[in-house]
Structure formats: C-alpha cells, structure tokens
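Each of the next two complexes has chain A plus one more chain, namely chain B in the first and chain C in the second.
On to the complex of A and B.
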C-alpha cells in the first residue's frame, strides 16, 4: 500500500502573531516551525496503515527549501521518504499549491508506483483554505471526504471506510481505492520520534522538485504554463493575499478574585449570580 | 448571485448569515439573490442543519421563508443520485449549476459542509474560492489595486478572510468570472426580514420562481458514498454547554481531572481541555478546545492551568466570561480573562467544590 501525506511548514508560536512591516507575512525571525496537528495525525495514520498492510509512506511538502525540516520530522516518525517541491518563500494561493502537488504526484507515480491513498490535513493551520486536498483529488480523479477521524482499509476489496464526526453524530463513507482523505486531529495519537528515527531522518536523502509561477506581470493568470522542463508547471490562481492584520480585540480588565483556595467563596458568588449552581 | 442554503426544513442559522451578507452585496450591485437548495435527498440529518430532503409541507414553509428573506428564485437541485450525501456529487451539481446560471458570485456558509461542497464546486468549475470570509465586497472596475489575474471576463472582489482560527485577518483580492466565497459563522447579524432593501423601499413583490435543476453524472463518475449515519444522544455537549470547566498542563495528570469533573457536574457543565492534555493521553481528543479541537461559546469558561496559547484562545474566545485559575499571574489566559484566581488548580478547584457543597446545606 503506497500512501502519500501532504504537509505544510507553518510557524509554531502560541503567542499573538507579529507581522512584518509590509503586512505580507507573520514575522518568523524568532519562531520555530511545525506541521499542523491534523497533518501530524495524517503522518501517524499513514505509518500505521503501512505497518499493517505493507508498502511505503511518502511525505510531500510545497514551500521553501527549509520545509525539509518538516519532511525530516515525518521521516523521524517513520515515513519512508520525503519530497520537497520548492516554490520559494512566498505562500502560494490554494489553486497554485494544489497544482504543484498534483504535478508532483503525477511525476512520482510515473517514476515509481501509483499511490493507493493520499492524505491531507482537514485545513492548513495558518491559511485554513479548506480546499487544497479537494482540488488535488479532483484533478487526479480521486474520491475525497474531509474531517476524517477513522480509516479502515479493506485490502482485498480495494476500498476504504472513512469515518467523521458531524454536529449530529457520526458519518461513515465508503470509497474505492485509490482515494484521498482530509483528516482531523483525534484520528490517532501521534508518536514521538525515536532516537534512531531522528538519526535516520538527519541522513535521509530527499527528492527535490521545483515549481514556479509565471513571472509576475508576464501572464494573464490561471491558463499560464511555465515551460522550464525540470519544473512543475503551475499557474497563478485567482485569490491574492494583499495584507495580513490583527483583528481588534476587546480587552477586558481582569478582576483578580484572590489567591489560592481563599478565593473559592468569591467564585461561587459568581456561579450563583450566573445561576449555575 | 447564488446562495447555497443548508436546511433541515428550517434555514440553518449559518446560511441565514451567508444570505444576509449576499443580500448586502447584491443590493450594492443591483442584482437579485437566488437560493440553491438540494431537494432530492431522503437522508436529511435529523438533528443538524444540513442540506437534504424535506417533506412537501416543509418545502412549502421553506419557500415562503426564503421569499421573506428576499430570495427571488430557488434553484432546486434534484437527482436520484443525490438521495444520499456525497461531497463529489453535490459539488459537481453546484459546478454544473454555475455553468448554467453564470452568476456573478456564489456564497455559502463557512461550515464544514459548506466549505466542502464549495471546494468541490470550485475545483470542478476551475474557479478560485475564498473560504471563511468575514467581509466581501465587489471592487470597482477601475480600482488600480485590482489587477487582472484571471484574464478576460474576470470580476474583481475585495474580501477579508479569517486565518489561524481567528487570530489573524487577511485582506485579499479575488479575480474570477464567478466569485466563490464562504462566510465564517458569526460575521453578520442575520437579517430575518428582507422584504425591504437597505434604503427601506419595499422590494418588487414578484412571486418567487422555483426552477428544478437536474445535474448529469456519467457512469464513470467517481464519488464517495455515505453508508452509515449514527446520531449522538443529546447530552451536555462541549459545543453547547453553558459552563465549560477546562484543564491544561497545570492539572498535572488524568487523575487531576477528578475535581474538574465534579465541578462540571455541579454546574451542569462540560469538561474541556488543552492540546497538551490530549497529547498526554489524559483526556480524549473530543474534549479538546481550540483551533484543532472544538470551538465553545459558554456563558462561563473556567480555564484551569491553561496558559492561553493563541491556538487554545481561538477556541474559547467566544465565551461570555472567562475565569482563569493559574499559578502564573502573567499567563496570557489570566491577562485576557474576566476573572482570575492566582493559585494551584489542585487547591482551588476542590475548594470551589467544597464551597458549593457547604452552601447547599
């Protein structure tokens, strides 16, 4: 069973995001990077599926050269190989991202074996476009369901059951393989990399591809195809990020009710006031 | 302009918001608003607002409701293959409808299902999609900022998207022959009566047209199939509880949650937690509050030993009031809370429980 997992390099800070002066991106000079929790679960699930059904796990990231860090992390967890599609420092729009992934998948499948399952996060933690997986699946003619929190593979029948939570309960979908799924945290509990895994990841050879947009101003958009043969051809999508900004936050003055257990009566006063006890 | 309506007989609140936003844009452009309703389904999710089949009587009620909401026509999407939900089939249907109607824009609610169907439609119609927008406006054609991205026939839109679960806003430009956008829940005051336009004038009282649209699927159409649906019993759920007693790393262990559970029981609330807690295996992921967990909006959120990282904060910032219990007076959660107690969770929470018991006697 060949499984591909798509992961995006994103800033990991838990603090209020500080922006660069031009408002184009989050100031990451002092930040660590990570992949989103949904995607970490996708990597974990792929490793478990391959352990059970045989095959290999490939992780793929579209982004700057530094995204090799996230690919190596996935390899340290147990993924077999990493593919970096280098597109430079600027975040691509979702159509271009999907085109880069689709192009890379076609190349990898032509060179090696076709993928039986392609996993995405339900949404990227920074941009949250909720669509890259769907666009890739659609371009490749694969079925895809989002929000997945359970995957069962039936090897013999070549199909999978995908489970997700919805506001009212649980839904189960059946897809025939090859298929894609966009998964959510809660699917599993991702492992921590072992020391051996870390060593292996440090030495791992990554496959490098590149994808480039047509030169700014040169083209008219989605139809443009870049023709440098070694690069994956992608066009610019119709959504363009102009500026990031912080939302206005209504600051409340914090009322300190006290220190330690002596504050309990004041808390219960509030609970009574709100008619909660 | 088309608006995708999620309903279970009654129009979903999130769709009402999307309709309100669409209404304002359409008024601006002098365009009518038309609804897209999937009507062929028989698997209407009984307890959640979803697209799906409804009885004739419900459909009639839905029609008059949409008419009052200022909708001038309904596109009723019907096909035997749509009887059960499939993201691919529903998205393909919408893409085919877009090709037929050629609207200026399609707007849907930024719910899981709304985003899923719109992403499918966008991929199939090869159009850009801006998800989770808090504002959408048509940009004037001579706007120098609106450069041509998508060639001839592209219209230009200015919009604001929510990123990082709400910690950042993105001002963006959309250039496309048809603009596709979803509206993040909570971004508009739903307008219940749109029989008058923004200037107060009554809209032309033409009877609403209902047009049935039957999509086509060839035999090789690739789609996932919904094979099972189970309904949860409606207990106190994290998403709807009036009180959420939530614990973070400061609770220390799975056992440490015993007093939080007791407090939740006494207040008829639900227990929540941070990601550190689920990662440690102290609580199931279904309890997690935050960007990759559940978003809650209780009257009171009690944050016990939670630092208040942005990814947690976006999950609880909808609470009316927050009580932070933390040993660190400088923790971001303490800074942003309505009330704070500086102290050890292991001392403070049992003391609250004792005090409630004491007063009950």
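On to the complex of A and C.
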C-alpha cells in the first residue's frame, strides 16, 4: 500500500521559547528543528504498515528549503521517499498549507500510484490550528478521522479500522480506502534512526515540487484545487497572525527548609498544608 | 561553616563565578588553605548549572606529551578517586596508519617519562580487550589500564560540602553576574541580580562564558566556545548485558579523531574531526532559552555524518544495526584557546581578577588546587608556566586571532603534533624591520610571541659545502622525516660559519621594559636574585624567582642610570614577564614601568670577527678595554644610535645591538655591508636558541628552567646572596643550605642507529634510563627527561640536556634515552654549569 505522511518543520521545544522583536515568530537561533511528536508517530506507523502490507512510504513537507532535514530524518527512520514543496521562509496559514498539500497530492498521484492512506499529525506543535488534515481530506474527497491512536488495515476488504480514545472509552471507525487520518502521540513508540539509516538519508535524493507563491492581492488558494497544475500555486489563506506574546514568567523560588534531620518538622508542616498526611 | 543558599553576603574574601568542576574544586581548596568567607555563584541551577561540565564525556587518558598537563591530570585523578567518583575502565588508542604507529611509540616514551603504566599492544590483544572492534583496521594500539571515567557533578557537590565544612561558603545558584567593579585597576565589587558583594578577589571559572564575564571588569580571557559533537547509539544488547555504566575500555580511534565509549546500554561516539564550529560567548543561549542546556546546542547532522562511516568501520559489529538508534546527539560547547592550553592565573589587566578557564574535566580538580595555591602563596606545586593567562600579547588576545588559531587548532585535538610544529594561520602579525631583507634571503620563518623570526636561511645553503671541513657529519640531512621536520642542516652550517667568522641574528622578538623612578633600585632588587646595585652600564644576567623559590624567569637587566633600568627578556616569555614586572610596581608611584618592545629592534652580532665588523662602522671604542664583557653602552653605528650590550647566548665575542625600530633596516644594511669582507652570514634562531645555546649549556626558560627546580638545581645559584630582600628569597636560601638534589647535565648521544640501522635524533621530552633500562628519578620523585635536544656541531656531538639526580650526575656516566620505542646509549658529558664548548668563555670574553 502507498502511504503518505505529511510533516511540518517546527522548532524543537525544550526551553522557554524566545520571540523575535516584532513578535511575529519564535527566535530559532539556538533551537533545533524537528517534526511534532504526533507526526513522528505518523511516520513510524506508516513504516510499520508498509513493513506489514508492502508498498512505500512517502513523506511530504510544505515549508522552507531547510525542511529537507525533516524529510531526511523520516527517511533515516525508514521512509522510502521525501517530497518537498518549498514555500520560503514565511509561514503559511492552514488554508494555504492545505491547498499546497492538496496540489502536491494530486501531482504525486498523477505521476505515480494513488495513495491508500494519508496520515497527518493531529495538530502542529507550534501553530496548533487542528485543521490542515481535514481541509486536505475534504478537498480530495477522502474520509478522515482525527485523534487516532490505533490503525488496522484490512488489505483484502480495502478498508481501515481507526481507533481513538474518548473519555468514556474507545471509539472505533471503519473507513474504506483511500482514507486520511490525523494521529496522536501514543499511537506507537517511534524508533530512533540507526546510523546506517542516517547515512542512507544523507545520500537520498529528495523530490521537489515547485510552488508559485501568491502575488500581492491574489485570492485564496482554493481556486486551484480541481486541477493538476505543473506548478503548485500557493494561495494566501484568510488567517492573519497579529502578534505572539510571551506568557508572564512564573519565577519559582527554592526555599531550603533545613538540612538533614532538622528539616523534618518543616517538611511535615508542608505535607499537612497540602493535605497529604 | 555554613552553606547558605538564600542570601548573598555583602562582603567576601573571594567570589568564584562558575560552579562547574573548576569553580567547585577551587572553593574546596581555597577553604582548605584557610580562606574564610567564600561565595560561589552560578547563573544556572545546581547541581548542573548548564556549562560544559554537565555534558562532558568525563573520561581521562593520563598520558600526554606536556608535563604540565600530565601533572594536572594525575593530581585530578587522585582527587576524583579520593571523592569516590572515579571508575577505572582502561583505554585504548588505535593506530590505523603508520604515522600513528610512530606517534604511539612516542606516546610510550611520554608514559615512561611520567611513570604511567602503559603498553603497546597488537590487534589481537586490542580486540581481546574490546571485542566489538574490527581487528583488520588496527595496526597497533596503546593500552593504558588506568584510563578512567569520573562523575564531575558529584565531585562538585562533594567539594562544595567539604568547603562548607571548613569555611563560610555561600553557594548561590540561579544568580546572574551583572557587573564587576574596579578601582584603579583592582577588583572591588561583584554586582549580581541578588545583590552586590564587596571583594578584592574574583575568580572567573565559567568556561565558555568566561570572556563575557571578564570583560565586565575590563579584562580579556582569550578563548572561544567551540562545538564538539557526540552521539549516543543504542540500545546495544551486548553493552546492556554488562549491567554497568562502563565495563569495556574506552577507545580512541586516533586517526579518525574520534572516540567510542560505553555508556550503559549505549555506545557514545564523539568526534574532533568535523569542521571547526565556533560560537561567540555573547550568543550562548540563556538557561531558560536553551533546549537542553546552554552548552548543548542543536546537533548539526551534516557535520557529523561523514564520521559515522568511520565509526561503523571500527565498531560495525554493534553499531551497524537497524535496531540500534541514534538516541541522543548534541553539539556540545567546550572552550578552545589559541594555543590549546588552559588560561590560568591573575589577568594581566585587572589585579584581583583571576582566570580559571579553558580546563578539561581531566584537569579540573588539579587546576582548582594549583590555582588556590597560587592565590594563597603566589606559586603552586605544579609549574603552570604554559597555562599562564599572561602569556598572550595584546594582539593574541583579539577575537580575530583567537578565531583563526582555534579554527586551526581544533583538529589537532587528536592530531599528531610535532614539537616544532608551526601555526599556519594568523601569521605575520609582528614583523621586525629586518623582515623584508630576511625574506629576500630565503628565511624560513618560525613564530615566537607572534613575531616572525628566521629559523634558518636558504641563502646559506652553500655553507653546507663550505663548512664541511669543520663538521661534516652535522651537515647531512636527517634520514627520518620526523627528525628533519621543521629542521634543516643549514642550521648547523650557519652555526659553524658563526664560530669561524661572524653572524648577524635577528632578535627583535625580545621584550624590553624600562623601569625608572626614585624607588626603582628598591623595586628591581626585590624582583631579581642578582644584586642590582651596580654601576651604571653594568649588565646583569639573573634568575627571577616565584615566591616559592622556583624559577619564574631568567633575563638581563642593565643599569641605565642611577634611577633607571632596562629589562630585556625573551620573546616567548615577554608577555608573562611584562605582567609580572608591572604587577609588582609599588603602588606609591615611585616607579614607572614602560614597555619599549615595539620601539626597539635587536640585531645580534657574534663571532670571532664581530669586533672587526663593529669597529669598522662606529667611532666608539669597542675594544675589550673600552667596552668590557657584561657592560652596555650607547654607541653610534653609521647614523644609527644603538644601545650595545656586550653579552652572548651563543658563546662568541659580540654584541646585542638595540636600535630604534624605525632605523633597524639601516642598521641591518650597515652591518651586512661592513660584514661582507669578513664573511658575515645571517643566522637563524636554530643557532641562537639551540645549537649555540646548548654548546654553551645555557638554560632556557620553560625547558630547563621551571618553578619546580631551584637555581641551585639549575646551577644558576649566585656566589653570594645579596642583603636586600627579593621575591623567592626564603626558598632560595633554603635550597642553598642543602646539597642539590638534581643537577642540570649535558649528555651526548653515543650511537644514533636504531635497530634497522637508521640514524635517529631525539627531539626533547624523552625519558632518560639507566643502562639496565630503569627510569632515573631523583630522591624527591622528579624524573629525568630530555629538556632540550640539538646538535653541537662545534663539539662534535648531538646534545641532550636533562636534570639528573646528583648521584647520576657524574661526567662519563653512561645512560640510555628512549626515543620512538628504541633505546640509545648516552653519556654525561657535563654536570653543572661549565659549558662543553669553550669552557672558560675565553672567546666570548676576549
């Protein structure tokens, strides 16, 4: 089966994100880049599915040229092919991102076989708009379920069973292929790439699809979705980022209650205050 | 007696900035030495504040070619062991190439010199010790059973506790230093975001941040943060099965500049092979903004990937598996300095501001102990000459120089570095007025103190024929590439021509200071061992001692007037001496210190015909009666006003001609022209610093002279001890009361042939052994090793200098020297100060 995984290059979390002076983006000078944890699980799942059912894993990213690093990482884990739609340094909004992915999927499907399954991360760790997968699925006329933590494929029947956790238990959906799913961390435990895998990824040839960025004043990208253009036109979505703001810093003070046995009474007081004893 | 973590005191005896391995060790040893109120600050949290200590690979290989580093490492290992944080695992250094095999043999000599148990082993034994290695690519290996891993964070915590037990120690984590205030060039206060602390002593021990902190006080700490990449690969079942952090020896794959070590179930792979990746101290992220820690930056895979193939080649059996993943990968920051050595001691710019920077885990505790000794007593048990932060001249403390040299130096971390190896970057920074003339003559320039100095001249190649009758066997090239690297037989030809005729030698790298004022006699008396109360024009060669009575420097002092002295010292130690002499100028303003180095050039003129040459271009009296040995006078050479010093480091009649820098070129041309009829040649530092010097047995600072040997050991004790007090006098008097323990000797190599019949030439640093092959050690544990090595063309022998225990320091005594895995017979030719060449100095004094 042919599985497509869509991944986004995002700054790795860890420290307190620092913002650029204009408040438009995270200052990434000292940050590594990665894909979100949901998407890492999506890549892992795709690799496992293909290992079990045959086929190939294609990983697609829409973003800056540097996103090749994330595609190569997926290849080092075991993906077969990486495709980059380069859209420059400016971040696209969800509408535009979805349009670009849709255009890319049409192109890839026109050139090769159609995808049986398209996997998204449930949401990106930086923007968290929760909608790119749904938009793409709608545009392509595919069924999609979000929040997925389990995937079973029935090759013969050409359908997939998708599971997700809900407060009351587990929901199971059955969709016929081709389908899309937005998956969540916990779906699996993603592997670390092997050294040989990293060397393989370093030498891998990535496919690039050329993109046409919007002219000033151009409309949304929605107009291109019914055609298979040679160049993927990137429209401007309707979402405008005003400004990012750093949340108020909570400075925690360490209070030393004492050293050795002499600290015991103070600790008991605290535990009582917390209703723990 | 307390370890207060909440409030900062308003005053402290000392503030140590940085709670990594160095800062923690330092507070421990300061407390031990009686410092009572100590503050230790770090802007990060404890126990891991986020500096290099927190991500270091923590292994220690004890063998090094540098005595200073070996001693600091050995002391550190003892301290780690005492703290219970040292695990011995052994270590193997692998040679994949023939050049590295030779280097491992050289390493073996160093191991013997410093008495570290080590063994050269073959591939079979190597894979017995570490079964996962690819036997086929191993040619030879160097096995050191005492290699260990340590836990520096735990060591730091224990050291803080020990300090708190004996001193009033305040440890303040999460505390940012905002400023360091000074008054009249002396530290007075540290400002932090938790309050200010008044203090006279501040130690900057904050690794990669040190330049930033020092700058707050107006000082420079010349280092750059640089990336060292490492990855963790696992899980590897064979390693997991051991159930311990480290069960197998650590492997250094020397030719690929990489190491591999077990870390639990993983194999850690580190590299010094990637391109130099330098950072700016200002750009290191804050603790809050850093993803892992401020000194663990995002891994740049493209730099490391090429090295993976090397690691897979050696450790394929456990690394080349799909289920062993790269679980952790960082660009770890460490500190690099322009010459690769640490930066220790009081900064030359600011009194009371100390640097304890650019130190590896393997030296941290030892550095803390030695620096605490320096801060308390003025000198330390281990000579820290090579690590003295004052060794750099101003141009060597600039960002541009640091970046160029560290970029070049990074890949030397595991490289094979020849003892004479020259830097290629940041050259031509200081040029004497003779430089262009020298270039035309085909000078091969070596660098000292940033100066370009001719080491020999290609224009003298014809002398190889001309001088054959005087020393034929010294005019052959050396058969082994290593022995002739950065060397030429032309040096020996120049030497012979100087001894036969006359030579001119560029000595412009000398440092010149003028000290003057009503208090100068008192001051200079305090600084030097020799009596400075001599008549005007007198030239005084003298030791300069550290407070413990060991050597700090040796230099020349000239009394220029009743209230004025000139101090002349070598280029390699000029910056250190400038710092020492200016730091000790009395605070009352009675003495001024002026550095005349950049205003003065020096041309040495020596040889039997030197007087004829000089007399032909000056009207001044240069006869022995008019211008006696060990005196200095102003003369005029052609149009050039010259301060001439009748002295010699090569044992010949002649002068140092000190001239105004701008007239140096004229001086060169006058001497060259006047010398032509006398067969004058330009000679390089190969003659001045090695062949000429060694034939005369003159001791060189940093080689024969270190703070671990007294002037008595060195044979440089003066006949009388002057009345006046001077720095190091107590130690000097004490040393004089006893018979010397060791004596500086000159040895000759009796047979140069190795087992294959090739002639080999020891280069310095090699161990001296008894004829039975045992190490030679004096009764206070100091081993005998070659401090200098070089040809003695006029005495017909290849010469080695070494301290020998007095009982071995007998002329005619036969010993061995171990060089590149083989042993060569040597004989003590001279014990003590009397030179081999012209023992009564009649040539020089005639």
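Assume the second predicted complex is superposed on the first by the 239 of 277 C-alpha atoms of A that agree within 3 Å, B and C clash if a C-alpha of one lies under 4 Å from a C-alpha of the other, contacts with A are read in each partner's own complex, and residues count from 1 in each chain.
In this section, a contact is a pair of C-beta atoms (placed from the backbone, for glycine too) under 8 Å apart; a residue touches a chain by one contact, two chains touch by 3 or more.
Computed from a predicted model, the values in this text were never measured in an experiment.
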Q: Between chain B and chain C, pick out the one touching the greater number of residues of chain A.
A: B
Q. Between chain B (first) and chain C (second), which does A:18 come into contact with in this model arrangement: first, second, both, or neither?
A. second
(Q) Touch test for A:254: chain B only (first), chain C only (second), both, or neither? (A) both
Q: Report for A:194: first if it touches chain B alone, second if chain C alone, otherwise both or neither.
A: second
Q: Once the structures are superposed on A, label A:202 by its partner contacts, choosing first (chain B), second (chain C), both or neither.
A: second
Q: Check whether A:30 is in contact with chain B, with chain C, with both or with neither, and answer first, second, both or neither.
A: second
Q) Shared contact residues on chain A for chain B and chain C? A) 13-17, 254, 256, 259
Q) Can you list the chain A residues touching chain C in their complex? A) 12-18, 27, 29-33, 69, 72, 191-199, 202, 254, 256, 259
Q | Residues of chain C touching chain A in the complex | A | 3, 5-6, 233, 283, 285, 287-292, 297-299, 301-302, 305, 308-309, 311-312, 319-327
**Q.** Partner chain B, residues of chain A touching it in the complex
**A.** 13-17, 26, 36-38, 93-95, 98, 125-131, 134-135, 137-139, 141-147, 161-162, 165-175, 179, 184-186, 189, 220-223, 236-247, 251-252, 254-261, 263-265, 267-268, 270-272, 274, 276-277
Q) Which of the residues in chain B end up touching chain A in this complex? A) 45-50, 85, 87-88, 91, 112-113, 115-116, 118-120, 122-124, 126-132, 145, 148-151, 154, 162-176, 182, 222-232, 239, 242-243, 266-269, 275, 278-279, 281, 284-286, 288, 291-293, 299-300, 307, 309-312, 321, 323-324, 329, 332, 334-344, 347-348, 350-352, 354-356, 359-360
